[in-house]
Amino acid sequence: MDMQNIENQFTELKSQMAALGKKTAEDKLSMVVFSGDLDKIVAAFVIATGAIAMGMEAVMFFTFWGTPVLRDTKKSVGGKDIFGKMFGTMLPKGVGQVKLSKMNMGGMGTAMMKSLMKKKNVASLEQFLEMAEELGVRIFICEMTMDLMGFKREEMIDYKNLTFCGVAKFLEEAANSKIQLFI
Amino acid sequence: MDMQNIENQFTELKSQMAALGKKTAEDKLSMVVFSGDLDKIVAAFVIATGAIAMGMEAVMFFTFWGTPVLRDTKKSVGGKDIFGKMFGTMLPKGVGQVKLSKMNMGGMGTAMMKSLMKKKNVASLEQFLEMAEELGVRIFICEMTMDLMGFKREEMIDYKNLTFCGVAKFLEEAANSKIQLFI
Amino acid sequence: MDMQNIENQFTELKSQMAALGKKTAEDKLSMVVFSGDLDKIVAAFVIATGAIAMGMEAVMFFTFWGTPVLRDTKKSVGGKDIFGKMFGTMLPKGVGQVKLSKMNMGGMGTAMMKSLMKKKNVASLEQFLEMAEELGVRIFICEMTMDLMGFKREEMIDYKNLTFCGVAKFLEEAANSKIQLFI
């Protein structure tokens, strides 16, 4: 083995190392929040804020039933077609209106759970959303769902790290994340 | 450090690199499609076809409620026992019969969603299945579910990349994938 | 390139390799078992025990509706407040009481599924739990849910690898796992 040979081997090892480095995931958590249920959304925020607390990045991609939950209760927009009006009315507007996936019991179970969460010092969804914003959790909202349900950008919540995007953006984030969950 | 020493170090580094290489995941997405709901199956196909569009591989493992959805409406088989007949009748046969997980409202919500998807140029499940086949999305069907629900291979859809398999095959794919989701 | 240079390059490559090694995931599966439904919990155990059979590690993190399912039917504790008593009574106690997420039909569907599983030689949840223990599946129980639902440690199942923990512990395991699922 001569010097030229040694240099060649170093060059090759370094380029292999760089290639491997690109294939390893970042310290990041990516979640699809498909559900619009109180229990699952609380779980999603517990996980997202927990990830940040551990020094990871966190990305939440709200789609389908998760989307209407991010509407701002203080905003309302006009000019919707009949479908848009129906979805607008029937789906929960804002995190305050979401219900338990089970034991809702006409709202009683959900109310009970909320009061329990308060009593046990678990943050409410409103507080989780604030914490997530402060901690730098990035929120993506699925454009296809917005279009399908007739939601407009003007009626969604104000949130620092909010992006409207398609599935490609989510997959890009997820592929570089150590953890991916569909909730 | 003499030449022998240098060679030894190169050999060791290379074998470590190879070991690391085997531990990094492929550019692949693996999904368990457990659900048999319209909304979730649409989401699964949006994600799978989106992954292929981004140059990734995509694998969908249909199990439990997701399995009956892949039956071919034009095929029917005899010789089933009483349980097989019950499952056969009660569960959706083919992607055309799946319902929304929420707001189904006796079928009205599902019909509305389908007409909305059409209006907004979102592919129907029938079209997604065709696209998935063309794009090379691989579909696995859980053999344990087939057996449990009394489905026979002859009644499932024709699809180019279709494999009947157990959980081990899914785990093998998932362990080598950058993204795994349970839908 | 002199000897000093060669040594430096080896040192750098080795430390890069070690850093990469820390970033690659272990041969491990981490699952959040959020659901308390028979079908989903069976799926979770099929996947967890399957992973062990393939030589992987497996971790199940039981939270929310999944938590009451791990109560021991033979144990009962007193001193609960009104909420604790309600949750205790309304939620399934032990794996024997869980129901199908669909087609429960007042318990008939669930009973039918159980008898079918037996007939088709699929393990019951009781058997899966035993197998999981023997195989070394580690079970985590979410402390926040325990507190929220008023469960006490004394009423949970006896299980060799059982830990009560928070979301941070789950995220730590998940970040080092090749596969993560939210069920």
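As written, the chain order gives the labels A, B and C, with residue 1 at the start of each chain.
Just so we're on the same page, a residue touches a chain if its C-beta (ideal position, glycine included) is under 8 Å from a C-beta of that chain, and two chains touch if they have at least 3 such contacts.
Note that the structure is predicted; figures quoted are calculated from it, not measured.
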Type of chain A:chain C copy interface by residue overlap (half), same or different: different
Turn needed to bring chain A onto chain B - CA fit, degrees, nearest 5: 120
Centroid spacing, where centroids are CA-atom means, of chain A and chain C in whole angstrom: 23
In chain A, residues with contacts to at least two other chains: 6, 13, 17, 20, 24-25, 180-182
Complex contact set, residues of chain A against chain B: 1, 6, 9, 13, 16-17, 20, 23-25, 32, 34, 36, 63-65, 83, 86, 90, 144, 147-148, 166-168, 170-172, 174-176, 180-182
Chain C - residues contacting chain B, complex: 3, 6-7, 10, 13-14, 17, 20-21, 24-25, 27, 29, 39-40, 43, 46-47, 50-51, 53-54, 56, 102-103, 112, 116-117, 120, 122, 178-183
